[in-house]
Every structure is written in C-alpha cells, then in structure tokens.
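Letters are used for the chains, namely A, B, C and D, taken in the order the chains are written, and counting of residues starts over at 1 for each.
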Amino acid sequence: MQATLEAIVAQNRTLTAHGKVATYIPELAMGDANALGICVIDGAGNVHLAGDTDIRFTLQSVSKVFALMLALEDQGFAGVFDHIGMEPTGDAFNSIVKLETFASLRPLNPLINAGAIATTALIKGDSVAERFQRLYNYIEAIAGEERISFNERVYRSEKATGDRNRAIGYFLRDIGAVCGDVDEILDLYFRQCSIETDVIGLATLARRLALGPEAEPALSPEVLRIARTFMYTCGMYDATGEFAVKVGIPAKSGVSGAIMATAPGHELGIGVIAPALDQKGNSKAGVQALVDLSRLLQLSVF
Amino acid sequence: MQATLEAIVAQNRTLTAHGKVATYIPELAMGDANALGICVIDGAGNVHLAGDTDIRFTLQSVSKVFALMLALEDQGFAGVFDHIGMEPTGDAFNSIVKLETFASLRPLNPLINAGAIATTALIKGDSVAERFQRLYNYIEAIAGEERISFNERVYRSEKATGDRNRAIGYFLRDIGAVCGDVDEILDLYFRQCSIETDVIGLATLARRLALGPEAEPALSPEVLRIARTFMYTCGMYDATGEFAVKVGIPAKSGVSGAIMATAPGHELGIGVIAPALDQKGNSKAGVQALVDLSRLLQLSVF
Amino acid sequence: MQATLEAIVAQNRTLTAHGKVATYIPELAMGDANALGICVIDGAGNVHLAGDTDIRFTLQSVSKVFALMLALEDQGFAGVFDHIGMEPTGDAFNSIVKLETFASLRPLNPLINAGAIATTALIKGDSVAERFQRLYNYIEAIAGEERISFNERVYRSEKATGDRNRAIGYFLRDIGAVCGDVDEILDLYFRQCSIETDVIGLATLARRLALGPEAEPALSPEVLRIARTFMYTCGMYDATGEFAVKVGIPAKSGVSGAIMATAPGHELGIGVIAPALDQKGNSKAGVQALVDLSRLLQLSVF
Amino acid sequence: MQATLEAIVAQNRTLTAHGKVATYIPELAMGDANALGICVIDGAGNVHLAGDTDIRFTLQSVSKVFALMLALEDQGFAGVFDHIGMEPTGDAFNSIVKLETFASLRPLNPLINAGAIATTALIKGDSVAERFQRLYNYIEAIAGEERISFNERVYRSEKATGDRNRAIGYFLRDIGAVCGDVDEILDLYFRQCSIETDVIGLATLARRLALGPEAEPALSPEVLRIARTFMYTCGMYDATGEFAVKVGIPAKSGVSGAIMATAPGHELGIGVIAPALDQKGNSKAGVQALVDLSRLLQLSVF
C-alpha cells in the first residue's frame, strides 16, 4: 500500500500546476498550490501516508456531510427531506437558478450550497454557539480530538466575503425553505466550513463512513446509508457523475482542496489534500489520485 | 374629457374583481380591492378626475423612474450604464436568474428590481438619510409639496418582508454590480418605494415627463428622453410589450396598483390607481382603463 | 443631408473592422466585410445615398416585419396573438430556452426566430409556393418591382444549415404553437429570409412604415402601428433596449448586415447595409451610423 | 420470496390509481392503468413472479442502457464520452434547456433523451436497418429470443408524435453533438424504444447486468460497470436521487411503466411493469414496489 500511495503521489503531483487555488475566500488563497497529500486507513485500521501530509486545511463543503447526518439525527428523515430535495442539479455548487425556476420551493439536495444552508438551519440548539458546538463535537467524536480544530481566520474571511451565500440564504427564507435569522444561519454555516483537520483526520472520518453502524462512535444505519448515497450522487459538485464513472465510490470535496472518500465494501477510508482546484472546484490532483487508487485497488462499488 | 374618464371608470371598475391586491408586503394588502381612480392633466394643464381619487398610495416601482433620473444627474450616462444594462428581460420583476446565467455581471435594466437596486445605490449622499432626502426632494419638486408624503408603516412592512430584495442585493454585491453596505442600499430602496402620493400627484409627475426640458422644474433633455424610453421598453414588468402594443405610451406601474403614464406628443400626464393586480403585478383595471383612454384619445406614439 | 450622410459613412467605416460577417450560413460569409452603405428617403421623398450603395443583400430577419404584417392582415389580431406573445425576451435571437421554461406554450414575440417561424406559419395559401408568392408580392408592392429579387443560393444555403431553426420548428409543433408540416413552414421561412434588395429598397420599405395608412400601397393603420411598435421593442435582437436609448426609432436588423429604420414623425425611411456584425448579430458600423444620424436629425421618438 | 412478492404487489396495486398512463405517444395510452407485475430472478437463477406478469410492453427508455453499452463496445470510452457528458441534469427527461445554456455543446448524460439520441447515433452499421438489427440482436442475446419482439404499432406512434425528440435531434446537430441524417438517427431511436418484452425478459436483462463479466453472454467488465453507474446516477429521470436514497440500486425506467433494476451484490435482477406513471414519468406503483422489496431484501448498495 505504501509504495502504491507514493507512486500515485509522484505521478499526480505535476497535475497541481494545472489547477488553481481558490481565491474568493482570501484566506484559502494562502493554500500551497503545489501540495498533494494522501492518507488511507485500510480495513485492518492501518494508517498509510504519502506526500504532503502535515498540512492542516478547513473542511469547507466536506462539512456538509456531517451537517446532514446531524440534521437527520435531530429532525428525522421527513424533518429534513420535507424541506430539502434529493436530486443532483447539474448546476454549479453556488447556483441560485433552480430555486427560482423550479416550482418545488426547496433546494434540490443537501450537498449544494443552497441545500446545505437549509440543512445547517435544521441543526438543533438554543444559540449559534450551541448549535455549532454540537456539530463540532459530532465531527470530533469521529475524527478524534487531536485531529480537529477551528480556523478563526478562515471563518472571518468566509464571513467577510460570503455575499453569494447571503443571497442564497435570503432567497431560501423568501421561498419559505428556511425560517429564523438568516445572519445566524449563515454564521453557523461559515463556522462549519472553517473546521480544520489534516489528511489523517479526513481519512478517519471517511473510514467511519465506510464501517457498519455498530463501529465507534455508534451511528444510525439509516443515517450512514443516506450520507454515503448523497456523497455518491451529489458529492463532487457538477463533476459527480464523472467521478462516479471514473472512481465509483462515495466522496465529498471542498474548495480547500480536500476530498474525503469512503469505500464501504473494503472498510477503507481515504483523505486527500491538494489545494489547486479544477474548473468545477474539485482538487485537480486529488481527483486523479483517486482515479488511480480506485483502479489499482478495485474500489468501485459497481 | 370628464365624461370620457367617467365612462372609462364605469366600464372598467368590474375588472377589479378579477385582480388581487398584493399581499407579500402586508401593509399593501390593506389597499381597497374595488377601487379605481384616474387623473388626467391635459396639454393646457387642466386637471380631470374620475372614480376613487382621494386614495393615497405608495409609489413602489414607480419610484424607479425618478431614482434613475437622479442617478443620471448624479453620475452621468456612463456612470449609470457601465453598471446597469438597457435591455428588457422577459422575466418577472423580482427574477434573479439572469444575474447568474448572463455573463455580463450586471442587471439587465434599471426598472427591474435588480437594476433598480443597483440604480438606487448610485444616488449621491453621505448617508442613507441624505440620499433619501435628495430623492424625496427631487420627486416633491415635480409633484408639489402637498402631494408627496412618506408612509412609515409601508416602509417598515417592506423592510420586514424584503428577503427577495435582500437576496438580489447580496447577489449584486457578489458579482460586483454594487458596492457598499447592502443593508443601507436596501434601506434606501425600501424608503423610495414608500413615498406616497395620490392620482393628482401621479398625473403631475407624468405630465412633467411629457413636457420638454424647459418646463418647471427644469430637467436635462437627455435624462427626460432616457426616462421615457425605459418606461416604454421596460415599464410594465413582463407585460411591457403587450402594453406597448395596446396602449403605446411610456408608463410605469407599481405593486400598489399605481400606474404613471405619459403622452409626450400630447403634453399629457395620467395617474391611475386600482390596487387589484393581474398575474404580472400590474393594476388589472388600471391597464384596461389606459387601453381605452389611449384608443379614445389616440395617444399611441406609433 | 448628402454631406451629413457622407460624413457619417466616413466616420463609421472603420468600425466595420471591429465586426464579423456572419458565417453560419455559408453564402452570407461572402458579404463584403468592409462595406458600409446608407440610403435616406426624406419627408419630401428625396433619395439620398452615401457609401457602398450598389450592394444587394438578403432581408434575413428584416423580412419578419412584413411576415407579421401579412399574418395580421390574414388572421387578424387575435388570430396572431393567441399563438405568439408580445414580450421582449432578453435572450439571443435563436434561443429556445423560454419555450421550455415558460408555461405559456407560445413564443414570446414575432421578431425572434421562434415567434417569426410561428408567424410565418400563419400566412395563408394552399401551398408553400403560393404562400411565399403572397409575401413576396406584398413586399414588392411596397419596395417596387425593380428593387426586389430572390436569392436562390442564399435560400439553398439557409436550408442546408438551418438545424437550429428546425429544432425550433419541431419544438413549436410539440407545444402546439404551430401545426402543419414543419418542413414546409421552414421552407417558407428560409425563402422569406432570402428575399433580396438594396439600400434604396430597404429605405423605401422603411419610409412606407413611416407614413400614414393612406399612403401607397394602402395599409391598415392598426397593422402599421403594431409593426412599428414591435420594431421599437424587439427589433434589434438582445440589443433592442440599447438601440431605443441611443437611436430611439423603430428598426429591424438582419444577419446580412441590413438595418431598416423608420422615423414616423419625420416621414423618413432609412436603409443601411454593413455586413460586419457585432456580437449580438447587428451590423457594427450600421448601428453606429444610425446613432449619429438620429442625433444629428433629432429622430428619437421620445 | 414468492410470498414477499405477492405481498408487495397486493400492497402497492392501489397506488396505480394515483398515477396516469402516458398519453403523448397514443399507443402507450392503451396500457392497462391498473396493472402491476413483478419478476425477480435470484442469485441461484430462480424465477419468481407476482401480479400481472403476462403483459408485454415496450422498453422505451430502458433501451437507453443497452444502446449505451453497444455504443461503448463500438466506439470505446472516449468515442462516446467525447460527445456525451456524464452528469445528472436535475431537469426533466425531455429538456432541451441545458443544451443551450451550457457552454459544453454536448448533452449532459446518455440516459436523458438528448444524450440517448446522441448515443444511439454512435451505434455502428451501414444503414438504419443494420444498426437497429445489431442493437436488437444485442438485447435478444441477453434476454433470450422468446422474450424479445418488436412492436410496429408503437414504433409508428412514436414516429408520428416525436416532435420534441426531433427538436432535440436538430439542436444536437446544430451544436455539432451528432452528425449524419437526423431523420435516420431518430428512426433508429424510435425503433429501439419500441422493442418489446415482458417482466421475465426485463428481469433477465437486469440479472445479466448484476452478474460479472464472465457470465453468458460475455460482456466487457468496463461496459458493465459504466452501465450500472449511469443507472444509479441518472436512471430514474429527475427522481434518480430520491430513488438512490429510498431503493439504492441501479435501475432504469421507461414511460411504458417498466423498471429494470439490478442488485449486483446479490446477483439478482428485477423487472417491474405498472403503466400508470407519477409526475416525473416513473411507474407510480413500480417505484414503491421496489422501495419495499429493497427494504425487505436489504438490496441497497450502501
């Protein structure tokens, strides 16, 4: 495994030059454009590392998976999906168009920004602070305390530049898809995006998603199943279909260049970081590293 | 003229039953659903009244014409149209879709909500209060002091329910079409919508638009020409084309049920109020009254 | 006038270098990219010429105005507008999107391709040949026999490359906006686009639109009014609003680089040819020549 | 298993009353609105039947899976996916909008109409007849000769009413996504939709997709994997995401009311027929029968 990972990193590192680090959140622009790091935790629980594995990065959209899981725990299936759809959109992650052109008056799925903001709004708690703490604890319980932190600078940077998300938030309230204080919902959303980890943390999270409900910490089998399903159908922005064909396992990317990928049949979790992104917002080298890894280990679910 | 107006009111009053008073701004819902009032100020300056002419109502989108005129005075042609387009949209007045799907990164015209918010943002002043006062004074100078007031309750109601406009405001800042504090820009926008008048005030405003630049108060000929042009091409939401065919003069409607229509060749101004709206947001009976009036007086510019 | 026209041609000829001759219909690609010719027929009926006035060119979308007029004569107001809307679209001339996303199941106006194909389908006759002959005769009666001809090569070229229009035609039949044989309707449409004239013919057509109903040949006042109105609100593709602001008179452009513009108040008709087009499909130098001419002669209707 | 299937049919038969048989192809309107039939072929190859299993029906969109497989055999991965995308659309199956609004100039995936027509165009052969025979033989080889026939009446009905598909076909050629004779491509497409089978045939096809590449007839492992993946991400029109969450196995529906579903991990194939459709075009009772069956047999891949 170690040799495999090192070969994959060596092969794909040059791809980082064909991507671009996200700049619309100024703090993200400081990501290392040439970096590529990968961690695989295999069926036996062994941790394998290759490349730039000491980088810390924020979860960004990877956090949407856990917000969805906690919202499902808090509100149940109908409590979530009465407000949020289950369909891939075919549009960019920050698109607002279908909110207006679709008669359904709800965002299409919980992993695009519109749906993720509506999902986050469903996490229970008496204040933003309490709601955020619950989500933070939920993620920390899975990844381990030493792996998880909060990046205050990224959070402030998100908040200072989050106008598109504010537009989505007010639009959602206008169509009745969220209620409550939009600024607070967005504050919670910006916070969840700013939770920080490293590839070991990411692979630990991914492996928990690969295991059955009885692993530690115990998770509802229905919630696990739904999380994996949405990662497979909506996890990689508007390149999800291509990722399903070429890699074939549930995954979720973030604009920090992180990808969390999970291979349930193999009880295997993967964390990748490579901040240079392709045009659709996925890690350029990270996606190709997963294409290679999936082919070598025959990870595809089909 | 008096008999003509009374006949038109008599004929069209029953149409109010086929419209609906706007309810998305709660204060507007208190408008009289059965009312229809009309005022014509003719070429000689005579005032003719028929129907429910003692109602006061807020300008709503009618104010967009004067915000555009003042922005043009403040910033000049390029200062406005570098940021805002000149094209009809074919979409609903509160649509956000073309902001995303068009590459131009600016709202399509100054009379839809997106463009009107961007236009209002261009009015000069050191504070919201000063900027609003300048616009209020501009309108008051034309309509006469006794005709113009400010409806605080409508303003508060707009502000409390303006989520779609907030969504548009943040979207505009995200694409760089406005800068500055979005809350302040929207506050100014909600205020301008809440300026109140009656049909005499509306007809006085309309008649000033029908006259040459040298009338009182003096206005730039270019600004007058541009205002009339946009009223003709974009003034009646997504029913502007039909209005041009059936009525054929520059006009601007508001969701209060007001329509301000101007017949430049006849030096004639018309104010109509009928709060019950059709599906596109225009006064149901008001539009038909103008169809009849235009036919009888042969007002169409073509 | 003569000196004015020559100055305008001299000033604007260099603009042709910033446009591109249409190539999607191969025969059109043979248009002279550097040419600019203009003809004005004034209120007294005097013909003024400047620039490259001996070029013959096909009407293309300019023909839509006359197809609309004949359809109105054949079917009456409701017979046309029950099937075709009256609204500007804000979209490109060959767009199909609103046919699907709008619930109305009819094209938005008679001067975009979708609406023009539906309009052409309403021209009466027992065969394509007869229907085309009626339209040809209608145009010829206005422009004069010696000005009008039919360009067989352009017609064949249109027919060979008209897939987008075929897509629109079948879509229209699917939604019930046209009935009958789609191939025949398109054949008629490609033929009308291929009617050929020169700037004198174009200005003669334009001047007839500027005159009252009693001029020769006699035309219905309602039909004249509707034609001018649609030219003003929808005549210049998705640059119609800007043209209204900057020129301010009814006009219709074609991808051959022709513009037919009419100034009703001045009883004046203008024909322009300059095959190099801007990005929206209007003649690059032709539009600017009309901006200059309108300013100098104060032609704007507002 | 037998008792399970009979219970599922009994439970879900009443749902047929909440669906509607497709009428836009007149021959389909003759489908039995109350019917529900199901066939499961299990891992051991045993055939289980319940409900209305003697109905014959056309494959309709189910055929798209096999057209894709044969196109992949004929042209290879790049030969197909250079022309057709891999992304779910979030739009209705017969939508044309994204062809215009997306810059990619290719249909989004091979299982929507636009992509399926482009896929069918890639099947090799010297004539429509030969190309169709190759596809027919391919399907027949899997399902068995006695299960497969061709419904001439449905084919003629499709051809007579296929205007939306013609619109898509010409649009595809206009943007360069298909080449060749559009009428021929559509003829081939209408023919493939008119291939007829019964639930045993459908389950046999489904079970072949569930098995490994070495089963009879031998199929490329890559082609099998891609077919299953697209069924999972794009197989149930714009309800695919919900089906993934609630059923969780690759499936493809057709407007005849057929659903072909495959459970690779269980080597199990399912065929369902229930002609009454829900609003998105999927079999109303058929989808719910699969929800129940998947839950009882724990078929979900995640």
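Just so we're on the same page, a contact is a pair of C-beta atoms (placed from the backbone, for glycine too) under 8 Å apart; a residue touches a chain by one contact, two chains touch by 3 or more.
These numbers come from a predicted model, not from an experiment.
Asks: Have a look at where chain C meets chain D and say same if over half of the interface residue numbers show up on both copies, different if under half do.
Replies: same
Asks: Taking each chain's centre as the mean position of its Cα atoms, how many Å separate chain A from chain D?
Replies: 32
Asks: Indicate the whole-number Å distance between the mean C-alpha point of chain A and the mean C-alpha point of chain C.
Replies: 53
Asks: From the mean C-alpha coordinate of chain C to that of chain D, what's the distance rounded to whole Å?
Replies: The separation of the two C-alpha centroids amounts to 46 Å.
Asks: In chain B, which residues are in touch with two or more of the other chains?
Replies: If we look for residues of chain B contacting two or more partner chains, we find 101.
Asks: Going by the touch rule set out above, what shape does the chain contact graph take here: line, ring, star, complete or other?
Replies: Contact map by chain: ring.
Asks: Looking at the complex, which residues from chain B come into contact with chain C?
Replies: Chain B reaches chain C through residues 85-91, 98, 108-109, 224-226, 228-230, 232-234, 238-242, 244-245, 248, 250, 264, 300-302.
Asks: Can you list the chain B residues touching chain A in their complex?
Replies: Of all residues in chain B, those touching chain A are 95-97, 100-101, 163-164, 166-171, 173-174, 182.
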